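One chain, chain A, links the two complexes that follow: it is found with chain B in the first and with chain C in the second.
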Partner chain A sequence: MLKVTGLRKTYRSGAREVEALRDLTFTVENGELVCLVGPSGCGKTTLLRCIAGLLDPSGGTISLDGQPVQGPPPGLAMVFQEYGRSLFPWMTVRDNVELPLKQKKLPAARRASLVSSALSAVGLEGTESAYPWQLSGGMQQRVAIARAVAYEPSTLLMDEPFAAVDAQTRADLEDLVRALWQRLNVTVLFITHDIDEAVYLGQRVIMLSSSPTVVQDEITVDLPASRDQLHTRADARFTELRTHVYEQIQAAKRGAQSTVDS
Partner chain B sequence: MKRVAYVLGLPVVLFAAWFLLSSGSESFYAPPLRTILASFADTWTLDRLRADVLPSLLRLAAGYAVAGVLGVAIGITIGLNRRVRATVEPVLEFFRALPPPVLVPIIMLFAGIGDSMKIIVIALGCVWPILLNTVEGVRAVDSIQIDTARAYGISGPSRIRQVILPAASPQIAAGLRQALSIAIILMVISEMFASSNGLGFTIVQFQRSFAIPEMWSGIILLGLLGFTLSLLFRLAEGRALRWYHGLREAQRRS
Partner chain C sequence: MTKRLGNPVLLGLAGLAGLLLLVEALPRLGLVNDAYLPPTSRIATALFDELATAEFWRAVGDTLTGWAIGLAIAVTAGVVVGIVVGAIPVLRAATASTVEFLRPIPSVALIPLAVLLYGTDLGSVLLLVVYAAFWQVLVQVLYGVADVDPVADETARSFRFGTWARVRHVLWPTALPYVFTGVRLAASVALVLAVTAELVIGAPGLGKSIAVAQSSGAVPVMYALVAVTGLLGVAINLAARVFERRTLAWHQSVRGEIPA
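Coming up: the complex of A and B.
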């Protein structure tokens, strides 16, 4: 279980202080798929970096499976938006997926089986000895997902992972994330600025306000568990939910506007 | 085939021009190329290669290797640590600005005139481009790559070996390439000061004893040596950085 309580982050540059996160409290239960959505520039990435233990918060606590997060937690894997910069170009696909497992000191046979099952789970069999830059953007992001899956995390953080791929690839990758989540029984926290994506993917959607960020609203997505791009997106309930999220995000933006005006 | 013609074209033309223009030369100091080439075969026998060229090459290799190891190791330390960098960078700039040959007399005082002096001169002279390029390369490692390594628990020596070094390797290779030509220059210079063998020593000996065609043949040999070494370097670099050239190619296409 991921528990974020009263999280605060202010950046200091010289005498100026910028408040990025004001007060964030939410929980993600084990095995849940939760989407975080917010207006652009709302500190989503700051939040994710705090959860991943890459950034020290200014206040509040984060705990993962009961353990306070003080550095990168061992049971957590992350998929970055910038797949091209997050995969190591000097390593083949196999080596990229295998490197974190070597760090975990797993025996070679176990590593090999994890790598091949992760690559086949994301539909990339046969690309083991290619370099990432020889693959398309969507395939590179699949490699990054395979690396996260092979790591066998209890929690998977995804930071706008599909923001840089084309729409069709994106739809495929969304379905891939849902399929992997259902199969592997991991907790997924998925950050996006795309409202449709958040409603399509999540069991719950947490809406963030503009910076300085607080939780604006939260909804449970009561769509059936088996979703597909065609029917789910045409569902009346889907439209209702996305309208609600959209209104909340607009309200969040207006809220920011009025604080600026006043 | 066409590439070979491009590579060899101009050298062949220059050599032919030298051969033809110098063929009627009466000058004692600039003998015809024909004479120089004839003396080349007589001068650079296997015995001489073993006695003079081999020691030079061994000292070059030793000095270059010491510079490589020190430059990369210190460069990584400085590049990873902002405080160390702020402290040592001005001093580094000063030492880099010193022309390395000027160190030869000083190093002779401490290290004598043996092999170790020459190795130290070569190492001290060519460590700077390696060191400074490594610092730059390490500083420029993509923050997302560092974050990825951290998020997956890749830390300490393993992060340096698996992430920082490879990420900085194109820049380190650029430093090594610059250092190679400096190393060859210093190899010759260190042998001109005080030596009993080596290529630089032999060429100066020929000049002092007015063996002019032999002196010229030594210079040609030195040129060939430098050319061969840089060719070998490029081959090795192309192999080690194949991923980098492929990545650049892929980025250009997209």
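Coming up: the complex of A and C.
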């Protein structure tokens, strides 16, 4: 279980203090897929970097499976928005996926089987010896997802992973994330600024306010577990939920706490 | 485009042939005194005569030895110091002004010191070569270390890479293109300084041979030896570039653009 309590982060530059995160409290149960959505510039990425142990919070606590997060926790993998910069251009696809496993000191045979099953899980068989920059943007992000999957994390953090790919690819990758989540029984915290994406993917959607950030609202997405791009997005309930999230985000932008209930 | 410009290799060779013809013609037409600039043909004859002597090859060997050992020391020191200083911001800030002070000191200004310490030994050559080449490498490595992509580094940290793994797998490959640039610059500078040291201090090598040829009035031989140092410089630069292209096939400066 991921537990964030009273999280606060202020940046100091000279005498000026910028409050990015004011007071964030939420939990993600094991095996859940939760989407965090908020207006742009609301500190989503700051929040994710704190959870990943890459950034020290100014106050509050984060714990993962009961262990306080101080530095990158074991069993956690992160997929970055900037896939082109997150993958190492000097390594082939296979070496990129394998490198974290080497750091985990897994034996070679185990590494090879994890790499090949992760690549086939994201539909990239046959690209092992290509370099990331020889692939399209969507395929590069699949490599980054394969690298995270091969790592066998219990928690997967995704930081606006599909913000830089085209709409078609994006729909495919959304379905890929849901399929992997259902198959691997992993906890997923997915950050996005796209309201439709948040409702389509999540079991729950947590809405963040503008910076300084607090939790604006939270809804459970009571759509059926098996979703597809055509029918789910045309569902009346989907429209209701996205309208609610949209209103909350608009309210967040105005800086007002709305009282609309779902 | 290529058609109109002509083959670049052929054009380059044509330019070189033009120069050789000019050097042949100037003294023959009496435009310059051939005691100071003998025609190409006489320099070429002197060069072929030199190629047949063991003394010439010993001189080439001496020059290349000083060059290679000095370059190796400078590159190793430059890379190690560059990575350590570059990766630790406090060190970087503390040493920046000192580097900027020491770097522009011309290596030749250290010739008296070199003579004092090592006389005409290889040590003198090495001191000058290492001093000149070290800064070339160090400055490039510092740029390279500063170029590490924060996302790549965060990726490595999020997968719990240790310090050594981050240096080995993120910092080093990022800095590598800069290291190569530094080595290429250092290799040229090292040759200049090796020949200078031999010429001025009299340490054995091509530089000393040039001085000897000049003082004994063997002007064509002197030109031939000067041409040899030039050829060495070209060969060193070519070798460095080929090696760079092979090793950095993944880098965007080398790889072709591939449409997504």
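By definition in this document, the second predicted complex is superposed on the first by the 255 of 262 C-alpha atoms of A that agree within 3 Å, B and C clash if a C-alpha of one lies under 4 Å from a C-alpha of the other, contacts with A are read in each partner's own complex, and residues count from 1 in each chain.
To be clear about the criterion, a residue touches a chain if its C-beta (ideal position, glycine included) is under 8 Å from a C-beta of that chain, and two chains touch if they have at least 3 such contacts.
What you see is a predicted model; the values in this text were computed from it and never measured.
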| item | value |
| --- | --- |
| Superposition on chain A - do chain B and chain C clash or fit | clash |
| Partner chain(s) touched by A:R227 [first = chain B, second = chain C, both, neither] | neither |
| Partner chain in contact with A:Y131 - chain B first, chain C second, else both or neither | both |
| First (chain B), second (chain C), both or neither touched by A:R178 | neither |
| First, second, both or neither for A:R111, with chain B first and chain C second | neither |
| Intersection of the chain A residues that touch chain B with those that touch chain C | 49, 52-54, 72, 74, 76-78, 80, 82, 85-86, 88-91, 99-100, 103-104, 131, 133-134, 151 |
| Partner chain B, residues of chain A touching it in the complex | 49, 52-54, 71-72, 74, 76-78, 80, 82, 85-86, 88-91, 99-100, 103-104, 131, 133-134, 147, 151 |
| Residues of chain B touching chain A in the complex | 142, 144-145, 147-148, 150-154, 158, 162-163, 166-167, 169, 243-244, 246-247, 250-251 |
| Of chain A, residues touching chain C in the complex | 49, 52-54, 72, 74, 76-78, 80, 82, 85-86, 88-91, 99-100, 103-104, 131, 133-137, 151 |
| Residues of chain C that touch chain A when the two form their complex | 149, 151-152, 154-155, 157-162, 165, 169-170, 173, 176, 250-252, 255, 258, 260 |
